[in-house]
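For reference, chains read A, B, C and D in written order, and residue numbers begin at 1 within each chain.
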């Protein structure tokens, strides 16, 4: 693995250098690529796609809040359900989801039902859930610290700052893992969110 | 999987569209990314790296020929040995290698010894091998038809045209598979080469 | 990369050994895994799945021949079309396909139309194609030399021996590349087939 | 993506079913695999390797505590340094690491120096760090909720319960991401740990 900042230099150095050290190599000018541009097939996740998926997540959170205000729990639930179907990977078997505020014995929400309850509450199986997405969210700011790309899997870590309609700011430490499905859509397969430890 | 030509449009369409259909979504302006640029860690193979690895392969072929002319089999073998160590993945366990001209019962060269014999001959275990890389090669032209990228694995297919010092051209149908190792070097893990079927 | 034959030993050696050399480590008995079995989500391709996909390919070849005999080109084409949709990855953008007997300028069949023409002919754009799958195939024998597994991508190399109803045997050197789609189906994304070079 | 619990059934259903629906397929008995067992090359991470890497992490934590008691900060630091080199992926560019107790502005420890300070303290750049690994740990219990495997990348989520020599138990919600390097060693590339939210 190499940081993308360094791998171009590494490439130039590596493919040739190991054997060039023992033998003066033919100049690269002996080789040329010709013909039409090759068709490239790839399902690799790009940094831009991670950013777009995060923007979609933030937009969805705000939307659920607004739908709750306009249409009540029924509308909010419908939106949250659609968001979970579209943006998470529950269709793939399970999602590694530790929401910000869940408690024992329902800390982890590996099923869609558990995730839906966390976002909009109203589920007697999860009596502590009050609906995190219903808290009047108006805007979301995301600061990524690091992003890890590996083919059709990616991970990101950083802070997410959510502001409600009263201007109150909530900051969380956030990790997301993603896969890209056959339609080219990023799906969240891992989500660990936690409140920052108070500074001393 | 999506062609890279189409996935950007797909991305825009997909991440939002599925749930946006049911609910007018908050404008993306509700979400912003701030802070320093995230560190990106990635070992994904790019198209440019595939091209560079192919150029390295072609340059190495020409070099082995020149080293043979200048320094005989000993020098050619040393260069070919270094090329195999640097550019192929025999250190990973085995390489799926079907050279252009090998015959039964030694068609496949999954070991480094077998590959070295194919390139420079001089191995009594492989009496048919006359050393493909010793044939006075002077230049290599590569035409990729299609390239498949999947994280730290890639595949390419197309034609490779090799010209010797007498100007004689040899064309082969060529498939390569690659992995990128921890140092960021592409290694050939699959290589299927065959002579074109004569046209009618 | 490690051969699967060696990685278990490597695992035991590696995770601990590097630092254990400098410091006598706590016995592993200080650590235990408890609780219910974790849900495991994976799209990795197994060797058994590669074998099954190869069997499906062979069965499909024989089926197209039989359907041709029973129902003519129309039935053979319908079956071949369904096979291409089900077993190849043309829906992913392109397939790296070099069939056994194609010639310049139509050597590579990166589109489904080109592949279908190779298998059942009857396409004026590819006048040389006589329909490889229509040649009275009755059985298929597959000998893999090596298989490369990397997550949802895999490659295999070896021989495929096809016998027709007259008992005539045709052997090819065969490379396949596969991806596993979201439904868990292996799809061929690379296929390089060539006639063996005659022995001397 | 499919749960490993379901993919075997899926395989049987999928490879054949799509086209078999339209055409009675040739019996699989028309196809057989023969020859020696293929060499299999794979760098895929298994569930057992994830478990072993977690055990190594727990054993290392206990070891650092014991080394601190026996040899002071110098010995503890040497062990922690070796653990970071052996078990984390800082050599790959950066690690997405959010330790349990870090605070703003040093919440994320993407560099090895930051991680070492978290585990053993004694670094003036991180004045809040008191050395999490020095807290007299004696045993570690791990409960995985879900594990995600994707080739040479994996992720796990669950609880880790650490007991010190006084018998005091500390529980954390834990997410790890791993890659397997060329030597077959799993390396932690993502680590998000947080204290559980107190129940109501």
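Keep in mind that, in the parts below, a residue touches a chain if its C-beta (ideal position, glycine included) is under 8 Å from a C-beta of that chain, and two chains touch if they have at least 3 such contacts.
Remember, it's a predicted structure, so these values are computed and weren't measured experimentally.
Between B-C and A-C, more contacting C-beta pairs join the chains of B-C. Chain B and chain C have CA centres that are 19 Å apart. One finds 32 Å separating the Cα centroids of chain A and chain C. Contact with two or more other chains is made by residues 1-3, 5-6, 39, 41, 43, 89, 92-94, 110, 145-146, 148, 150-153, 156, 158-159, 181-182, 189 of chain B. Taken as a graph of touching chains, this assembly is complete, with every chain in contact with every other.
In the complex of the two chains, the chain D residues touching chain C come out as 1-7, 10-12, 14-16, 18-19, 22-28, 30-36, 38-44, 47, 49, 51-56, 58-60, 62-63, 66-67, 75, 78-79, 82-83, 85-87, 138-153, 156, 158-159, 182-186. Contact residues on chain C toward chain A in their complex (touch as defined above): 39, 41, 43, 89, 92-94, 110, 151-152, 179, 181-182, 189. On the side of chain D, the complex with chain A involves touching residues 1-3, 6, 89, 92-98, 100-104, 107-108, 110, 128, 145-146, 148, 150-153, 155-159, 173, 175, 177, 179, 181, 189-190, 192, 194-200.
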